[in-house]
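Below are two complexes that have subunit A in common, paired first with subunit B and then with subunit C.
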Partner chain A sequence: MARTDFGPPDYQELIPPIIKENYGNWKYHTVPRPGVLRHVSYSGAVLHSVRVASPRLVSSDWVRDICNIAEKYCDGYLRFTTRNNVEFLVADESKLQPLLTELDDKDFLIGGVGVSISNIVHTQGWIHCKSAVTDASGLTKSIMDQMTDYFTGKVKVPARLRIAVACCVNMCGACHCSDISIVGIHRTIPRVNDEMASRVCEIPNTIAACPTGAIRPNPKVKSVIINPEKCMMCGNCTAVCPAIKIMDPVNDGVSIWVGGKVSNARTAPMFSRLAIPFIPNEPPRWTTVTEAVRNLVDVWRTNAREGERMGEWINRIGWERFFKLADIPFTDKHLDDFTYAKTTFRSTTQFKF
Partner chain B sequence: MSNVQIKGAAVELDEDGFLVDPANWSEDVVAFFATQEEVGELTENHWKVIHYLRDYFQKFGVAPMIRKLCKDTGFTLKEIYEMFPSGPAKGACKLAGLPKPTGCV
Partner chain C sequence: MDEKKTPLLDELEKGDWPSFVTEIKRAAAKNASAADLLAQLETSYENKEGYWKHGGIVGVKGYGGGVVGRYSSQPEKFPHVREFHTFRVNQPAGFFYTAEKLRQVAAIWDQYGSGLFNLHGSTGDCILLGTTTENLQPCYDALTECGFDLGGSGSAMRTLSCCVGQARCEKACIDSMNIIRELTLHYQDAIHRPAWPYKFKIKVSACPNDCAAASARSDLAVIGTWRDVLEMDQDAVREAVDGGFDIFNRVIRKCPTEALEWDSGKRELKITAEDCVHCMHCINMMPKALHIGRERGATLLIGGKAPVVKGAMIGWVLVPFIKMEPPYTEFKDLVDKITDWWADHGKNRERVGELIERMGLSAFLEAVGLEPLPQMVHAPRSNPYIFWKAEEVGSHG
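Let's look at the complex of A and B:
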């Protein structure tokens, strides 16, 4: 039998000698230029990490290309970051400039470090997922084309700004806690294929999967009935029961959420909140979405204080001012009407006209 | 989707090899799936698990949780994997003719 359950390779065997020698013994780091970190250890050792953008979905040829670069300048060592950027780990300082020159020549984008707009955390989309309401890679490419100067540090921002894309409300990734999130949503009531449901679906599971209790059994045909009045088109039943279909190319699209963060710096972590309820899918460039994201970045960049993230800025000025400054209409869709809705309502007379 | 011949009868399977129509289930189908899922020879213990899964599904309309399966049949998860190498869902449930597991599997 094949060897199983032996886990990933021990990372200690895969890190550069300079990191092994100074493990847990770093003194400080600086950012000498956008995209480059300079780490200095107590023993005086210096390590440069050069961060470049990656599209996340890459070919094995692309991986071989970055391996060749790492072989040439980093003794064969590199790493991927948690936002799927690539970092070349340069132990020999004399090789730093030649590496940067080669990366520039090969059109790699150097950046995404510290106060900047780094890579977009995103998901499968139409490339691989059966419940994707929108595409992930296409949207990400369209948005990052607009954000290139923020990534490379050519345009300065007041604080970190995290953008994330999730192609359905399952939100694989970081959409519920990002400064700007693009989330795929449905607007059509799902259709039940009774004959198929009776054969391939576990009916009690399907009923239990509904967050609003909109699904009840239909024992006559061994299927379920969906109450359109109660359904909010989350699509959870379609994940559990393949006989329920919700896809609708015309009414499917994306929503944009703002103000989430995960770090504890200055303020506690925050969930993202709804800013724009719906924008239709417009492949291949998603012009309306990219325009809306650019507008949100601009309005935050020009109004926020130094070091103030999107959510912190909105909390300081209030959501009325945010909607006004961002020129986004406030609609009934913005009012929470789920389990803990009451806690999101205003229970004070303090607000701006 | 594909059609296979099992002891002379045409049986429709989906792309993962699960029964499209549970009415097609028979002991011959189990024997056919056993070769597909590398189960090998079907023992009394195999049949105990298969019949338990079918009874539970007929009674409650869902596949049992793994914990419930282990508790009621007396087999540990390790023993289940020894009997059905592809696991309780892809292996045992397929042999028992239950619907394909759904969700983020």
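Let's look at the complex of A and C:
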């Protein structure tokens, strides 16, 4: 039997010597140009990190491409960021410009550092997930094609802006806490195949999976009944019971959310809030969605003060002005009708000792 | 293999942003399952719906997780993605790799799988996207040869991940990479053999900028902080101000607790230490002049999760300050107490944050041996519906 329970490779063997030598001893960093970080250690050592865009879904040939570059300029060392960009770690300053030139020549996009619109954290979509209401990769590509100048720093933004895409309300990734999120949603009631449910479903689990208590047992046929008045089409019952289907290509689509953040800087972390309740799926380019995202970015960057993130800007001007400036209709869908009891818990590291 | 036409996806090879379609095509040039993935995706784009079947439990010997089974619902049309399972391979801490290691993984995946990757999955794992049931065990065996173990899936402790921390960041209050390395090794059994009511995630960010999004995306977030005063280099502050930096509007006004003051006469930055909530903003704005304090540790937040079932949660304060030094005994003890209580009381598919909300924060604190503290709440309760225990009151008069 194969070796088990040994964990990932030790990072100590994968970090470049300059990091090993200056580990925990960095003094400050600067951003000499968009996409490049210059780290200075108390020892005087200087490390450059060059950040480039990745589609996240990549081929083994792409992996070998970036390995070639890392070997040529970085003694074979590289890393990925928590937003799925690649970073080349340059210890020899004389190799910095040649690396940037080669990356430009090969059409890698250099950027995504600090005040910018960085990579979109996204999910599997139709490429690999059974609950996907939309395609994450296609949405990401379509949106980022519009945002490239903000990624590379060609056009400035007031503050960092984080976009996330999730293909269903499971919101794998950080959609509930991003400046702009695109989340796949259903709008029609799931259908129950009673015969199949009686064979493959655990009825109590299926009932417990419903956030609104819309599901009750149907003992006559050993299945369940969904109360359409209570169902808000989250799809969680379909995750536990394969006999319940919710996919509806005509009515499925995406919603857009704004104003979330995770950092504690200035303001506590914030949830993203509903901006646009529904836009239909329009593959391959999702033009209505990309236009809506572009509008949100535009209205934010022309109105926000320097250093003001989307949620902070909205808190200053108020939601009433946000909806007006963004030219988005406010509807009954924006009124929360879900119960919350944890609003008193302190969801930030901001406090006094 | 027969060339299938993909006019909709071809559209996504245009534009400046790197194209995932180009990547699938590169893999498809030498791999039939990548080619069928592309063809099935084109059909999804035509019909606006996915073609993956519900569930499917597959794995490798000795483990209950780490592999996500996936089957096409149209196997006659796309036979090479009939089985298209993914491996979650535990990433090295901080996502550091050498070209040599990455090449080895790429070669293994070309041999046993589709040649397609997600670098990386949202939790942190290196995702190997798409292989057959038959290839799972030999592929895993090959991965172990070059030192890669699987990550978590299902109702287990999931793969731990962290920000880059002390490897490259001057703001790191704790050694996030070492912490997740040590915890990952300590919790191997909990990661590989699901034994809990639902998933449990730990993420570590070395400062409150939270670059790992720990408070939103992990049940237990470890976020580095300091307890003394941040360090100020007044010469460097003056240098920034003299260089035209608008310290009043960019820093002083933005401090959430008005803890900072710029004395323009003395040309000195002053801080009221007890008002600082270590939000990081001033340090972020003036990295050469301002530095984290010396008495370092972490704040632990509990309960962060996505919406399903009871609504999204951002983790809230559980422990205001804990020292995080190897071998992290105090932290591990707390994790064990939390997961034991949750395993005892949690319903099927109930996250720890939801269980705390259902049973009450005070019951939870009592179970894990922590005192209630004002740092745990934004404000005390506003309703009078208070539970009293029999031993807290006298007998009936």
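Note that in this section the second predicted complex is superposed on the first by the 340 of 353 C-alpha atoms of A that agree within 3 Å, B and C clash if a C-alpha of one lies under 4 Å from a C-alpha of the other, contacts with A are read in each partner's own complex, and residues count from 1 in each chain.
Following the convention adopted for this analysis, a residue touches a chain if its C-beta (ideal position, glycine included) is under 8 Å from a C-beta of that chain, and two chains touch if they have at least 3 such contacts.
Keep in mind that what you see is a predicted model, and the values were worked out from it rather than measured.
Once the two complexes are laid over each other on the shared chain, residue contacts for A:P283 go to subunit C alone; subunit B is not touched.
In the overlay built on the shared chain, the residue A:P249 is in contact with subunit C alone; subunit B does not reach it. After overlaying the two complexes on the shared chain, residue contacts for A:V240 are found with subunit B and with subunit C alike.
When both complexes are overlaid on chain A, the residue A:T302 reaches neither subunit B nor subunit C.
By the document's definition of touching, neither partner reaches A:S94: not subunit B, not subunit C. Partner contacting the larger number of subunit A residues, of subunit B and subunit C: C. In the overlay built on the shared chain, the residue A:I203 is in contact with subunit B alone; subunit C does not reach it.
In the superposition on chain A, contact is made by A:P8 with subunit C only, not with subunit B.
Of the two partner chains placed around the shared chain by superposition, subunit B and subunit C are both touched by A:N170.
Residue overlap on subunit A between its contacts with subunit B in one complex and with subunit C in the other: 170, 205, 239-240, 242. Residues 20-22, 60-63, 99-100, 102-104 of subunit B are the ones touching subunit A in the complex.
Considering their complex, residues 170, 199-205, 239-242 of subunit A touch subunit B. Contact residues of subunit A toward subunit C in the complex are 1-11, 13-15, 19, 23-24, 26-30, 39, 47, 49, 53-64, 66-68, 70-71, 76-82, 84, 86, 108-109, 121, 123-130, 132, 135, 137-138, 140-142, 144-145, 147-148, 151, 169-177, 205, 208-211, 234, 236, 238-240, 242, 247, 249, 252, 262-267, 269, 271, 281, 283-285, 306-307, 338-353.
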